[in-house]
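Below are two complexes that have subunit A in common, paired first with subunit B and then with subunit C.
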Partner chain A sequence: MSLATALFLAFFGVAAIWFGVVVFRTHSMVRSAIALLFSQTAIGAMFLVMQAEFLGVLQIMMMATEMSVMAIFMVMFMMDPGGMGKMDMTHQKRLSLWAGGIGLVAALVVIWTAGWQGPAPDVPGADEQARLLGREILGRSMFIFESAALMILTAMIAATMVAIAPQEEDTQ
Partner chain B sequence: MIPELMIALSVGAALFGVGLYGALSQTNLVMIIMGVELILAAALLNLVAFWRYLHPDVTAAKMFVLIVMAVMAVEMAVGFGIAIARFRSRGSVEMEEARELKG
Partner chain C sequence: MSIAVIILALAIGCYAVAVLEGWAVHGRLSLTRPATSALALLGREQILPRTSDRLFFEVGPVLLLVAGLLSVAVIPLAPGLIITDLAIGALFLNAALAYVLVALIMAGWGPNGAYGMVGGWRFLGQFIAYAMLIVMPITAVAMRAESLSTTQIVLSQAALWNIAYQPIGFVLFVIAAMGVAWLPPIDLPTGGGDLAGGVEAEYTGARLAVLRLARLVIIVALAGATVTFYLGGWLGPWLPGWVWTALKTLAVAAGMLALGSRLPRLREAKYLELSWKLGITLALANIFLVGVIALVVPI
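Take a look at the complex of A and B:
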């Protein structure tokens, strides 16, 4: 076990959880989006610590863009995006707390009783990992990768069609 | 026991719990999407941890991560599309006011 790896994982893990909690604690919706961005970035940093360099950089880049878009939507759609009115926008709090708590405890019980066998094996370098991933994408998993591309294309068309304002002739 | 794996999985479990709380407790559609994003992030973290500490030789695990990332993007795009349509027709994305969708 590398002490430095464990320490960095714990540090970024605590940061990810803390910012995840802040998302639902703050009244300001813009702060919520920024807290989610920090949480996702901390998860990306955990990927980097776990030597998944490509995925770590991808996660940070993707989430930075995604959360910026989310912040814009927050300002557009929320009645009080700055949180100045201290509006409460929650419901069924007790049920949600129980559900989240039970989910957390159940997952922790499974994790800590599963008995994972060590030691952790070595991983290839970042360049070798990228080469292997490229071979996987363009080889055995090509159909899955193409299906994901098709899924994104379908979602883009569906989201645009849903969001477009109905024309007058459509409503007649 | 692999301590790094336990740390990563425990963080994933905590993020799942927080995300589940958020998705169930929020009344605003955009905030609900944020909760779902946290749940999917927890799944991503678990996948990477399993790949790194149990099967670093299986590259298909990374492929799985890429697919989950695509699902995250798709979920957000469609969610915001619905939010725009809802805002245009009702002037709000509060899900408490969406009871008429109930069958």
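Take a look at the complex of A and C:
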């Protein structure tokens, strides 16, 4: 890995963490959602630095839409979506501190104890990567992807049904 | 070198589209109106709304412009005349256009005004309608080209343009593209006469100029994408390739503007209903048909 690659990787890594911190520091729900988006975009940029073009661009694309949809739900459900009322929206602080601390320690243990191999000597070209990914999704991993898709579809239909008011009420 | 040429072509294209849009809206062709409008906007007072989300207010228009410029980066003007010929160019175009949504939500939320906010969130609803109809026709285009590279997609149409090979995809893509660029009749986020300008309502001066310029860039990018995916890009007889791309792009932009000026504005719920119930069904049928044709008849 060249020095420039390492520097860019570190830069986007720090950006991802910084935007992650902003998610919790801001009072505005929209700012929070957009900060989470830029945190994820920075992770997409890390993929790009590591020459995983398809995955990087996919991450950058998917997160833009997902976080925007999340933003409107946060605005709908929160009491003070603009953060202008300076409402404290945190709760169960002691529990979340413990959970966060344990999560951090677990992540550090995994990072330090895992047997990381060195960087891949030669990365396949972007078109070859897309081809390999396609073969993976339509081959070995097809069952996993299809079952995940079916679960998401079921959840979408169920959520829509819960959201729609009963027909009888409309007619009365 | 090619970057400078493409930026110059983009600037001329934006100006031409502004002239065409003026023609479609006001019914009178004026070659100088965009220039005078831009000068007027730049000279006007720049009002900052009270208790605005300043960061979003400033970043929104700029992010919109960046999204438009990035999407132009993968559109080939002629063989070799492209800013970056990515192997996943078609996907990159989608990723760049996804940030149009983010930028409009930021620009709508930022000024802390009711009309802007409604406009911004309306675009999210509009996005839910058009998103699949951008991605699914491109899937069929990439299936034929067996590549996501925009250059390869143009080359795959040497024998027959995609407009003839997959006409359903073409129609769906153009309608969805009009949604991305919020062109009438799908101009819900700005909605003249309905939302008092919507997302644009609280913007004045240079900020509004950036917002409008960004929209022109997005229109050119989408017309260019339509040409690349369906109208054979630079392919054509007698004239040089870049002339063909330019002519076709302007023709598509003019077609979209002319179509929009003759139709009444679509209601959000109606657009969603049409897109999901009819559009996605047709898009799936298109993918299936293209798959069958690609396997049976090698064109």
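As a working rule, the second predicted complex is superposed on the first by the 159 of 172 C-alpha atoms of A that agree within 3 Å, B and C clash if a C-alpha of one lies under 4 Å from a C-alpha of the other, contacts with A are read in each partner's own complex, and residues count from 1 in each chain.
The working rule: contacts are C-beta pairs under 8 Å (C-beta built on N, C-alpha and C of every residue); 3 or more make two chains touch, one makes a residue touch a chain.
On a predicted model such as this, the values are computed, not experimentally measured, just so you know.
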item: Superposition on subunit A - do subunit B and subunit C clash or fit; value: fit
item: Which partner, subunit B or subunit C, touches more subunit A residues; value: B
item: Partner chain(s) touched by A:89 [first = subunit B, second = subunit C, both, neither]; value: first
item: Which superposed partner A:58 touches (first subunit B, second subunit C, both, neither); value: both
item: First, second, both or neither for A:150, with subunit B first and subunit C second; value: neither
item: First, second, both or neither for A:138, with subunit B first and subunit C second; value: neither
item: Subunit B versus subunit C as contact partner of A:99, first or second or both or neither; value: first
item: Partner chain in contact with A:127 - subunit B first, subunit C second, else both or neither; value: second
item: Which of subunit B and subunit C A:68 touches, first, second, both or neither; value: second
item: Gap in Å between nearest CA atoms once subunit C and subunit B share a frame through chain A; value: 13
item: Intersection of subunit A interface sets (partners subunit B, subunit C); value: 54, 58, 69
item: Subunit B residues touching subunit A - in the complex, by the definition given at the top; value: 1-22, 24-31, 33-35, 37-38, 41, 44-45, 48-49, 51-54, 56-57, 59-60, 62-63, 65-67, 69-74, 76-78, 80-85, 87-88, 92-94, 96
item: Residues of subunit A that touch subunit C when the two form their complex; value: 28, 30-31, 34, 37, 53-54, 57-58, 60-61, 64-65, 67-69, 71-72, 82, 84, 125-127, 130
item: Contacting residues of subunit A [partner subunit B, same complex]; value: 1-2, 5-6, 9-10, 13-14, 16-17, 20-21, 23-24, 29, 32-33, 36, 39-40, 43, 46-47, 50-52, 54-55, 58-59, 62, 66, 69-70, 73-74, 76-79, 89-93, 95-97, 99-101, 103-104, 107-108, 111-112, 115-124, 129, 132-133, 135-137, 140-141, 144-145, 148, 151-152, 155-156, 158-163, 165
item: In the complex, subunit C residues that touch subunit A; value: 51, 53, 55-56, 86-88, 91-92, 94-95, 98-99, 101-102, 105-106, 109, 112, 121, 124, 127-128, 131, 147-149
